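Chain IDs A, B, C, D and E follow the sequence of writing; residue 1 opens each chain.
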Amino acid sequence: MTGVPPSLYLGVSVALFLLGLIGVMIRRNPLMLLLAVELLLNAANVALVGFSRYWGNTDGHIFALVVMVVAAAEVVVGLGLVVAVFRNRLRLDVDEMSTMKG
Amino acid sequence: METNLGWIVLALPLAGALILSLWPGEPPKAVTRAVGVGSVFLAFVLTAVVFAGMLGDDPSSRSHVDGLWEWITVGDLRVDLAIQIDPLSVLMMLVITGVGFLIHLYSTEYMAHSAGYRRFFAEMNFFVFSMLLLVQAANFVFLIVGWAFVGLASYLLIGFDYDRPAAVAAAKKAFVINVIGDVGMVIAAWLIMREVGSLDYGAVLSAAPGAFGDSGVADAVALLLFVGAAAKSAQVPLHTWLPDAMEGPTPVSALIHAATMVTAGVYLVVRTHALYEIAPVAGDVVAVVGGVTLLMAATIAVAQVDIKRVLAWSTVSQIGYMIMGAGLGAYAGAMFHFLTHAFFKALLFLAAGIVIHALAGEQSMDRMGGLNRYLRFAYFAIAVGCLAIAGIPGLSGFFSKDEILAVALEAGTLGIVLWVMGTVAAALTAFYMFRLLFRTFHATEPEGGYAHTPHPSGWAMNVPVAILAVLAAIGGWLQVPGGWHAISDWLAPVLADVPEPLEATTRGEWITSLVTSGLALVAIGAAWKIFGRDDTRRRALARRFAGPRPVLEEAYLFDEVYEQTVVQPGRDLADAMLTGVEPRGVQGIVVAAATTVRDAAVGMRALQTGLVRTYVFAVAAGAVVVAVVIALVR
Amino acid sequence: MGERITFAVAAAAALISAGLVITLKSAFRAAVSLIVTLISVAVLFLIQSAQFVAAIQVIVYAGAIVVLFLFVIAYLGERRVEETVDPLGRMHVFGWLTALGLGGFAALAIANSRLPGLRDDPRKVGNIGGPEAIGQTFLNHQLVAFEATSLVLLVAAVGAVVLAKRAGGAGVGR
Amino acid sequence: MPWITAIVLLPLAGALSMLAVPEGARGRTQARAHALVVSAAALVLTCIAVGLIDRDLGTLQLVDHHGWAESLGLSWDVGVDGVSVWLLLLTTGLFFLAFVAAAIRLPERGRGFLALLLLAEAGLAGLFVAGDLVLFYVFWEAMLVPFYLLIGVWGGSDRGRATLTFVIYTMVGSLLMLVAIIAAAFIAQDHTGQLTFNIQELRGVAFTEGESTLLFAGFALAFAIKLPLWPFHAWLPLAYGQAPILVTGLLAAVMSKAGVYGLIRIGLPIFPDGADNFAVPLAILAIVGIVYGSLVAWRSPTMRMLVAYSSLAHLGFIVLGLIAFDTVAAQGAVLQMINHGLVVAAAFAIVGIISARTGREGVDDLSGMAAGAPRLAGVFLIVAMAALAVPGSNAFVGEFFILAGVFEHHIWMAVLASIGIVYAAVYMLRLYQTSMNGPVTGDGRRAELRGSDMLTLLPLTGLMLLLALWPASIAGSTRSSVERAIAPAQVAAGRPAAEVAAPVEVNPPEDHLPLTSQQGGTP
Amino acid sequence: MNVAASTPIIIMSGASVLALVFGVLPWRTVSRVWPSLAAVAGIGAAGGMSIALWGDRQTAYAGNLYADRFAMLVNVIVLLAALATIALSWREPGAVDRRGEYAALILLSTTGMMMVAGAGNLIVLFLGVELLSVALYVLCAMEAWRERSLESGLKYLIVGAVGSAFLLYGLAFLYGATGSTSLAEIGERLFASSLTDEPFLAVAVALIVAGLGFKASAVPFHMWTPDVYEGAPTPVTAFMATATKAAAFAAFLRLFAGTLPDLLPDWQVAIGVIAGATMIIGNVAALLQTNLKRMLAYSGVAQAGYLLIGVAAGGLRGAEAVLYYLIAYLVMTVAAFAVVLVREREVADGDELTAFTGFGRARPLLGGVMTVAMLSLAGFPPLSGFVGKFLLFSSAVEADLVWLAILGAVGSMISLGYYLRVATVLWLTEPDAAGSRKVLRVPASVGSVAVTSGVAVIGLAVSASLVLDVCRGAAEALLAP
């Protein structure tokens, strides 16, 4: 018994996902939220790569690569929006983005 | 032939009513008179023709039924628009059209100053049509229709002066109580349908003995029918409308509320006697109700001051005799009394109408007295009527009333009790009728004079009164104990199926005649002593009876009790529903539902914070919920 | 044995740094922590024969994306990206509970999974993570994904242009 | 010739083509003529249909069938039987009179008013001829929209609340009915293997008692709200009170029949077991409604409310007549639907005339009008007498036979319902007497009927008299239809075979259920 | 390799590039008009190709992209939505100086939707979702001078990224449980094995429901919807409301009804619960809204609930019902938004309900369109919304989910409260006489979209038979192995 069972990789993945999720729920700085979203995507990637190894096919790797691109795209757009929104504001706080509610 | 004429008789007053009501604009009075009186007169003539034709027929083939068209067929039940011409209906028709014609004629003068001249005759004609329909109907449906139509006509005519609230209220009361009666009859009709499957007199009455068996159904039917009869004929406890109905013009009171409509109950019992024959309990109930009514009404009449109200209570009392007779099985006697009563009561009303007309509408006897100097004709007419109703031998009331009482003597213990009540009431009748006569025409002029200088009446009023006076005087000779029985014989075909007709014995007739006429004479004497000359004795008596007097004046407080126990609770209940149940219950549920949804919406609005974190939390929580659901389902 | 030790170290590093990412007040430090996480994850990839993915993870993710973050943080200024005390701090417990629930559910699933050998030693796999394998799959099987990623990047580029354009001038309209 | 389709589509086309009529004064005249011609044509077609049907047949006749979405079992299926043809005639007839009245006193924006009335006519006509559950539902709902706008645009001051309550409350019932419709079809498919919404084909499906009960409940709620049956009438005072009086008249006279018609066309024949289980509860509600409606009518402050609540009571009688499962009662109920339509339309017409001319609607605000308005008083009297079902009136015929049939099976129900007859006299007399009698005022002369009023009132009273004198004209053709409709329920109620008036279908035919076929034999 | 099957997507990508290029050309007329023309041309061509490909399933890219009836029908739906959006924003201020980008983003987003519809592989599905989402994040924030537009874009992006992560994680578990990303293979493996009670599949289903539920605006994943709809430019809102919803439900159907029918016991009740909650909560929350866009957002949430009924029911009838309702929902929503758009240009705060006081009386045609749209959304027969609801309820009943149909009925009852309020404001109130209410000439493109949609709302019901045949064909293709 030398290797690490896939279940452990999955456990790490789940833990990462939860951390990311908690991050999105407790932080208010949009940049922090975007960082936390990266954690979510990484968690998925860990799971994908783990399953890829378990099944011995490459699909998971491809999926993970695609996710990275998607992450990049989201970050680019997200950062663009953050900059645009907060160009005129003092603080970065998503709680202040609540002119629309109810 | 008979039925064809019957249809025409029926159509004539209807046509009169239609012509008068649809006449564009205001028709000339002459036209109104011609149509209004003429239609009834023609109807009377044709009825007489029918009657004459029927006399020529064999007694067993005097009943004719004719349907005009199929009125309705529901399920297996077929009802035709049909009339039945037989001795009973012809007798009724004769009275209705005959007395009706006289009263119409009388009205041409009596109502001459009324703005609603045309309306009056239209409604009167409509009444005659309805009454004819009632007596000619060949099945229960059209009986009920006629029954309701006379009620409607009565309603219209009581409320003829519709700008007087009292008249309007009286009309409404009469109508509503009559509807109660209608409901009783309607339920009876359902019961008949249920048991026999038909509503035709022929089928029902011939099937009655077998169809109803002895399950008490016959009693139920008979009693339910009697609810209608009691309402229409003002029998206790549904009698309270009739005195109020005196708000109508006097000819109306004479025709509808004395001579014809109110006796419809008697007609009904006689018409459906086959049911009462197999419903002993119902028969007894009818007789007792009649007995109670006649005595009670007689006592009330003693204390009335309004001249028409005295007559009204007298009517109630006299119908009580008829009902009692019919309940005991003296059908011919009841019809006989109906006939004579129609004469003398119409006479009394019309003659009282002359007095009222002469005093420009005054009806209180307190404002009368000593009128015999001015209105001699009316005085004699009323005197004849009083003698007739009091049962003075030789006049009509004597024969007919005594026949009923004599029959009662043969009807066991109950009959004897009823006989005593009837006899006492007969004495009271003589008393209060002569009280009326004396207070109006004798005694002294009222303090402060008359409301209007009395003026004598014209021929149109006098002729009918005169004819009726003659009829009231001699009408009783149609049926003389131990002599001839024209009425009984005439009705024999209709009553042929009565297995053991109750008949008076000669002994009973003698006893009754002697007792009642003796008592009547005593009562007249008493009335003369009290009311004949001046007010002193009357006032002394009034003081002495100050306690019970209001009870009698208020007719044993029936109205008060009904108001407190039926009308007011109903009104309260309705108000509670309108102001309580309706907004808070029926509408309230809807409002509550709407409010709940709205509150939920408000709550949801609060949840929608506009904060991104909340939204992410919701997504995560939703995922958990979905996961839990899946886990639960697995 | 080597895999186990590497795994333990890398996993611990990834989780700790991830914890820092979501808790550090300073966005700058958080971004740096993220780099640690990303590299640790790359190590996890590497020991699972995902060499290519690991490489991209380091180059693109840690190298490009996070650097972009750092640029923006620098552009906006450190002071403006610091958070004050959360007025809704008490509500965090619901977030934690939800995460716990989700984690528990996932843990149960992993524990009860019937996939053969999931909780045992991993099977030997061939070369699934090398560039040639990746390339083969991408071009033979997943060409459409390959092309679609380019569209996603195109959108990102267009988006960046659109959102940046404002700097150039005021909006039209009102 | 697709008569029935034409009758339904004609007003619809008329409403659409109303768009082509120009605005303005010239357009108003044109719109009047247009609406009158269209509705008259519909009426004529209906009369032809009345003439064409075989009065003794009892089945759906003049059937038109066109596929709509047949993969789902949806189709345009219309036809009439001895019951629905009269309701169709009532619809087109009363709408024609409504157009006459509207043409005489056309409100503002008359074009839209007339177009919406035509739409409402199409909806109601369609409802009464629908041979398919979904089509039935379509018309059931579709007619709400024109009524909604008619009340909402032309109604009284509280019209907003009135329309919302009216539509939402009605839809509460009908949406559940939609679910019931779908459920019925699919459950029937389980029994017969065939998916259909055709009312005819759904008859005789052997639903289990539980299914039948639940499905009937789904339908019955919708019917009860539309009727309305006590206590589901919360929308009634609002809608009747706020609608333009012409529309109120149509609501009470025609639309209220939709719920009853649903019972007789769908509730009883398709879900006999459910109908049997609900018969007594529904009867109790109907009786409570009779008494309650009468009492509230008695004390109602306005004439409109008085007639509205009286309508609640009258509909109670009709419902009672249907769920007695008795031929006589059901025939009476059908007759009463027509009678009530005529009477209540006339009553609202009179109330409308009085309130328009005097500006007053309170029962106690008017007095002594008979002096100045003898014609009005006369017509009003006839209508009032018919409304309280005085024997000899057309309404009496219906009420009498309804309760006679009910009496046959449930004496207590008929007797309790009779209380309503007495109270009807009380409240109708209050209505008539307080306005027409009493101290004379000048209102009478203002409100006296004119020739133009007679154009609508004369036909109504004339028909009332006709039906009073010759109810067989309608009753003659309802028997076999009614018997067919109630026979399954009679079997379900365990009536002796001799009483079950018509053969009971079994669907699918080969699936013989011994019990049903035995009892279903003709007597 | 079958290129034909992928032509719609290729055309759309090409058109988007073309639009971008036109947009940066220096000539004003060209840069303003040509991108939209390119977009219309691209949409037309792609639509034409999709119709031409109507037929038996063809695949491209090693079976990873389908061109079957289902995908083609969804293509047509989203293309129609895109076309309407382009038409609605013909002269929209927000897009004036970024015509090229605007058109390109719409086209690219549409491409993403078409990829979702035709996805034969989890990766393609995910990429499609991301493509459509990222483009929409930008589109929402397009009116960058309005703070609300930016706010909506950023909110959408953050919550959307989390939603995508859920979807991704779910897809990862689905891959993990089956070992394949190919939908066909996943379906086969589940059919062939006794894998169905594998816990990973439960995790996958839960997360995918959350992820797709987010895109479809199902409760409780819906909370972003009103904020984003309100803040985004109105044509974009219309696009999101219709096309995104279509794509999300295409994904739902493709995954659950098409790929995972063997897991039906798992997802049916879960989706049913979500559907019930969505119908009730969406409708209740809409009751108090005074902003029409926001109201329509909640209405869209509620409508997602009705659509989910069909998803939960699954099978032929469920899929068919969802597809029909998507078409109906497209036309009624576009009609409503088109009218809102007209009003927005006429008055400030034109998306507030109060701006429509007496509108129907003043502008009967547009008022009529709005009324028809509202009544159809409320499910009044004989409009297409009713036919759709009827189909959805039918599918529920057939799948023994009567409770869901009843919840749907209850939701519809509640919905009358706000749909009728719009009709009430339109017709039952007098027009505001205030001078500030100017009446503009309605742009031909917007007006024609409004009227066409309004007519289609009725036409789809009248020709239900025809449309249903098409939907039936698509549903059959979806369920074909």
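The criterion applied here is as follows: contacts are C-beta pairs under 8 Å (C-beta built on N, C-alpha and C of every residue); 3 or more make two chains touch, one makes a residue touch a chain.
Note that the structure is a prediction, hence the values are computed from the model and not measured.
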Next item on the list: Could you run down the chains that neighbour chain D and chain E together?
Entry: B
Checklist line | A-E compared against A-C, more contacting pairs | finding: A-C
Margin query: Based on mean C-alpha positions, I'd like to know which chain lies farthest from chain B.
Written below: C
Check: Looking at mean CA positions, which chain is nearest the middle of everything shown?
Finding: D
Notebook entry, point to check: Rounded to the nearest whole Å, what is the centre-to-centre distance of chain B and chain E, using the mean of the C-alpha atoms as each centre?
Noted result: 78
Item checked: chain B and chain D, separation of their C-alpha mean positions in angstrom -> 37
Notebook entry, point to check: How many Å are there between the centre of chain C and the centre of chain D, using C-alpha atoms for each centre?
Noted result: 68
Item checked: Gap in Å, rounded to a whole number, between the CA centres of chain B and chain A -> 96
Checklist line | Set of chain B residues in contact with two or more other chains | finding: 605, 608, 610-613, 616-617, 620-621, 623, 627, 631
Margin query: Show the residues in chain E shared as contacts by 2 or more other chains, in ascending order.
Written below: 123, 127, 130, 134, 137-138, 141, 144, 155, 158, 162, 176, 197, 202-203, 206, 226-227, 288, 417
Next item on the list: Could you list which residues of chain A touch at least two other chains?
Entry: 10, 17, 20-21, 24-28, 33-34, 50, 54, 57, 59, 62, 66, 70, 73-74, 77, 81-82, 84, 94-95, 97, 99-102
Next item on the list: Report the complete set of touching chain pairs.
Entry: A-B, A-C, A-E, B-C, B-D, B-E, C-E, D-E
Check: Which residues of chain C touch chain E in their complex?
Finding: 105-106, 108-110, 112-115, 140-145, 147-149, 151-152, 154-156, 158-159, 161-163, 165-166, 170-174
Note to self: List the residues on chain A that touch chain C in their complex, please.
What the structure shows: 1-12, 14-23, 25-29, 31-32, 34-36, 38-39, 42, 45-46, 49-50, 52-54, 56-59, 61-62, 64-66, 68-77, 79-84, 86, 89-93, 95
Note to self: If we count contacts the way the header does, which residues on chain D are in touch with chain B in the complex?
What the structure shows: 165, 169, 230-231, 233-235, 237, 292, 295-296, 298-300, 326-328, 331-332, 368, 370-371, 374, 378, 381, 385, 388, 390-392, 396-397, 400-401, 403-405, 407-408, 414-415, 418, 421-423, 425-426, 429, 433, 436-440, 469-472, 475-476, 479, 501
Next item on the list: Going by the contact rule at the top, pick out the chain E residues touching chain C in the complex.
Entry: 6, 13, 16-17, 20, 60-62, 64-65, 93-94, 96-98, 101, 104-105, 108-109, 111-112, 115, 121, 123-124, 127-128, 130-131, 134-135, 137-138, 141-146, 176-177, 195, 197-200, 202-203, 206
Check: Of all residues in chain E, which touch chain A in the complex?
Finding: 122-123, 126-127, 130, 134, 137-138, 141, 144, 147-148, 150-155, 157-158, 161-162, 164-165, 168-169, 171-173, 175-176, 179-181, 226-227, 230-231, 288-289, 294
